[in-house]
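Shared between the two complexes below is chain A, which has chain B as its partner in the first and chain C in the second.
Take a look at the complex of A and B:
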């Protein structure tokens, strides 16, 4: 009875039994249960479901050619998903990216039409995006008392405003022939945008999971103060991540403009929210510190194929939004319940044992 | 015989790893001021929390007016007539004084249940007048000085018909004049029949106010005296009490060259005129009461905050870090005061926590070498004998002592000359304390210069070579540990009388 109690006590506090230092093992623990409890499996299941339903709606969907061409229609915003994932791992949010897309696209179009060579116009576009992000980062680092929501909300309005000032409420296009190949062309049967997407996914994944920079991101998301005390240059990291977010928004601007053939100041409205939704659906915690690259990648395809399939079924765009919103909230709830349900249960059982103890006294 | 309004018998409260209160007793008579004293960590705060219903005692009994009571929430205690005024006023700065006083029991009109502003302000003003406070109940709380905010807190307690008033270091943030004001109010309250538990570190509070004094030490009850019958010397001895135990294997480390020199360091509002030097292999204890500015000095040396006067030299070269990163690069590492907030990422495993401060060591061109990281972290964890099944154990699951070892391992991974340890044994049980002392001794032997911030006298006397005592942002004593006594240190840390301080330094 006493031994039983002691065992329970020990389990509750999960303090290892007293012993010598030789206990410290350096082999990574592994269990099949943990492996299959990963959120990505849930996303794989949802994605499979979407694909099955799509192929029921249209017999042509599972045709290899269609299947590999479809992503070209929704991958443009995927480029922001990765840096946004970094931002959210830091425990922050950047809602200015949609406006950054519009501003950099507008400046690219206007400068090209003013006589700049297309190559330089594209570089300028990337530069504008990076600068827009860097300004966000600077404001956050220089004025700690400003919240990231207020900063990026303000720049969201400002960047969109500048785009309107430059172009008015008009469209600008007339790009050279080759520019549309970015969105529509393919290399060896694989769309260029898909190749670019894979390169981005792999690069961001490696940086996040294999480098010092990625490690610091996760650490800052959990406890930025401890990071500063550990000698990590937290300001530099914050700044870099927001700059990266702006830069990738410009990449999105390039692919989006290439797909549309022209641009106007009101493009990419609401992109920031769609992107944040994909990151959250991908299992990245909005409180920071948690996430793996595979989740958002799967989420991009879930949302993309879902929208495409609903298009096939002739459902209107607003209904697509409702479905995606519902999917997001259900998935986040499922995610929470999976972790917290466990904890709640444990808390209740400890409370119960404490109650017993009190009665004994 | 006077009636006892509040009585606690054999109260014990255990937190994981620490016995915060061990079989403690206490009684409070009707209409007396009873001072509770003890060092930091003596259990005073836990004791207040038990009385005010924040913590339920694990064992023991509490009698209020002779009836056994058990408070499950602070509200229950409040309703029973026990109110507390904390050191840091917990008010609503944007509301008026009257709103603060009646928060939670607002005066309302009989039928419509609307807030009766006229009545609230009238009653609030009456309360303030009864305390001789010359400010209006319509004043915004945030505009008042700390002293006046405390008066509002007292008025609030009176409005709830408090029979027992707990005051937790109310004079700590007050000037001498404001303290006088508070003494007068406290005495008036006593004369009107309120019973007061007054917690303080300041000797003058005791001599000025107390009817009786009780001392706690290490969570245990030591004794209670009539204030007239005890001398300052006896009181200090009672608070310190214990013999320096065998926990401290006093080692003879040969100190080397001077590595750190601090000259007249000052930061407005935090500390002034701080000078000391540190040699290789030397342990310098920086002591004083909590809030004396010790942590702020350490934070300045570690680059967490800046200083606005004075100079610091590290190995003869001027040193001024802009951030902890620069401090670490220059060779100064620190164990933060709050290890959970500033030292650890609780959600992470031991290994990743250890390597966090030295990611450069375990990576090549920015790529983390997983195998190297494991060996490296594993090696350091073993060296400090962290007790855990694996380096993949989450630090949240470790005991306080083992968590502290992980933080030490983390900063040891850097190439350091000076190590600052801010309260390294806070919240750590006795066994782990001994292990940490062992580590500190080892570090000194290896030639690190060590600044040990500690409030625990045995620790200061048992470990250090020299002692610097701070009080209210200034150095009040500087002594060799050999020959120093606990009484001397405590006097320098607590007594404000200039003559007596001079005596303490002699």
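Take a look at the complex of A and C:
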């Protein structure tokens, strides 16, 4: 009875339901308008637009082969997008991932060339990535006064610095035949990297939306202190998420190195920006607590096909830089557009209340 | 009382940094006697001047709880625009060239300031985006080409190589910037208001300070200084390239943090900033002198920054604990 009243009250005052900002919450009546005002539909529209423009540029774009093979060229950084989404849902940002990719790739290459079997070198790479992420997490947990900006900024310098110390400005490669199959090979006509990407997307999506851990992420993004006092082990969660971020950066390092055939300390420069841009474009609020897995997945393909199309149109790489930078800013700004006091995209309505929350864990 | 304590604490911090620097200098001097010579010290200061100018702006940004990762790109863009102008019209007087670069930088800073202050975009997001946009623009306007030494007029190159009263122009400009900053921060209402906004934004806003306008101002100052630095950079190295000053923002932030500027806002002094800047200058200058590969520089700088930040936290915790213990119950 009380719940019924509350529901009516909410409807009258058009107060969004509590929760992670998911629009299709059970407490809201179904409405087609609200359904189509979800951010993801905008992304679908943009993706369709990109595909249409691409196929206008090149008559060879619109076929099954392109859709299956092209993603292999941009999916390597997509693996970081999912854990970065977790980090951003927590209300934090990790700008050290590009350096983590470089460090783990360099250590993998050097250890292989020093005589380690390839399998062990790959394991070492994953270990280095996870350790790099764990160090970030440890610093954030042990020195709670420090902001994530300064911690990940300094490890960003240090990780790439170590990569330079190990390899100078030389390149290291000469991997065995089979290693390049990771990025170039395919299983039954589908590229291996695409399969790996789908597995990653599904598992991260399940963890985020179907587990207690995932719910805790959203809760922490809204009010970390309240979570702490409600008995959620916020330190452990923070640590896990950052370690996961480092681990997936190492996965990216493996696929990137496999695609390039060799590595050097300056690889993956600026990956952090592209990854954060994809997450923000995917509708994940940079103030924490809001986001769904579908958005970033669509955003990965938007940015990827956009870059591919700009390559088709013979635009220089610098213009791609401008476009991605603008995309990041515009996608953050788009959520702040208001019409007569109402936000255009309602799925984000809780972000407004989360804006001034305490960042302290 | 609390304020007094903090001041003392800050002095102690700077003394510690000074002590560490002295030890470092002695150690370097023992390894290579060429370090403490007039010639090398002059080149050290000349090479640190641009960093010092940028650190002033970055300190103000950090004081307001922001961060600016776009300045490396602003330097490149301002430098490129200015050198293209100089290459096209060699008759441009140096002062006009400096003005042009500063204006380009100010414009870039205003965009960042607008994003951060007007639309509440997180500073790290806004400047990460602008970093790429400005870098891309630099490549686009130059068409991917360099502007080299022979295309620049002598009067332009003399901006960085000339001397006033026997002192290199860069050092003179940095000193002037420091003097103006000292006056602005400590003796103007605007300067104090910036610190007030940084140490407690809510209180500052409630007291009627124009918080948003102050934040806009801070990023505009940062942009202008980066534009100025861009002109100086291009004049100094006599070449403007698309990848000029890539990643330089990290060094600038490192100098601020070493100098005791808190990334949580409200805290930062010119004396500390000066020490932090010189410290980074010494590291950059001394590594080749003691036969350390230049590839170690990045790692060492990062390590020093992290160490400085962690020491800060531990010292502060210790002081707080002592203060608690001393409290009369």
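Some points to look at:
We take it that the second predicted complex is superposed on the first by the 307 of 361 C-alpha atoms of A that agree within 3 Å, B and C clash if a C-alpha of one lies under 4 Å from a C-alpha of the other, contacts with A are read in each partner's own complex, and residues count from 1 in each chain.
As a convention for this text, a contact is a pair of C-beta atoms (placed from the backbone, for glycine too) under 8 Å apart; a residue touches a chain by one contact, two chains touch by 3 or more.
This one's a predicted model, so the numbers in the text were calculated from it and none came from an experiment.
Residue contacts after overlaying the shared chain place A:93 against chain C, while chain B stays out of touching range. Using the contact criterion defined above for the overlaid structures, shared-chain residue A:213 touches chain B, although it does not reach chain C. Look at A:226: by the touch rule set out above, it reaches chain B but stays clear of chain C.
When both complexes are overlaid on chain A, the residue A:277 reaches chain C alone and has no touch with chain B. In the superposition on chain A, A:328 makes contact with chain C only, not with chain B.
In the superposed model, A:165 makes contact with chain C only, not with chain B. Which of chain B and chain C touches more residues of chain A: that partner is C.
In the superposition on chain A, none of the residues of chain A is touched both by chain B in one structure and by chain C in the other. Remark: chain C residues 67, 115, 119-122, 124-126, 128-133, 135-140, 144, 242, 250, 253-254, 257, 263-264, 293, 295-303, 305-306, 309-310, 313, 316-317 touch chain A in the complex.
Residues 13-16, 18-29, 210-213, 215-216, 219, 222-223, 225-233, 289, 361 of chain A touch chain B in their complex. Residue ranges on chain A touching chain C, taken from their complex, read 93, 95, 139, 143, 145-147, 149-151, 153-158, 160-162, 164-165, 168-169, 265, 270, 272-273, 276-277, 280, 286-287, 316-326, 328-329, 332-333, 336, 355.
Within the complex formed with chain A, the chain B residues making contact are 16, 58-59, 302, 304, 323-325, 327-329, 334, 336, 341-348, 351-352, 356-357, 359-360, 363, 366-368, 374-375, 377-378, 381-382, 385-393, 397-399, 410, 414.
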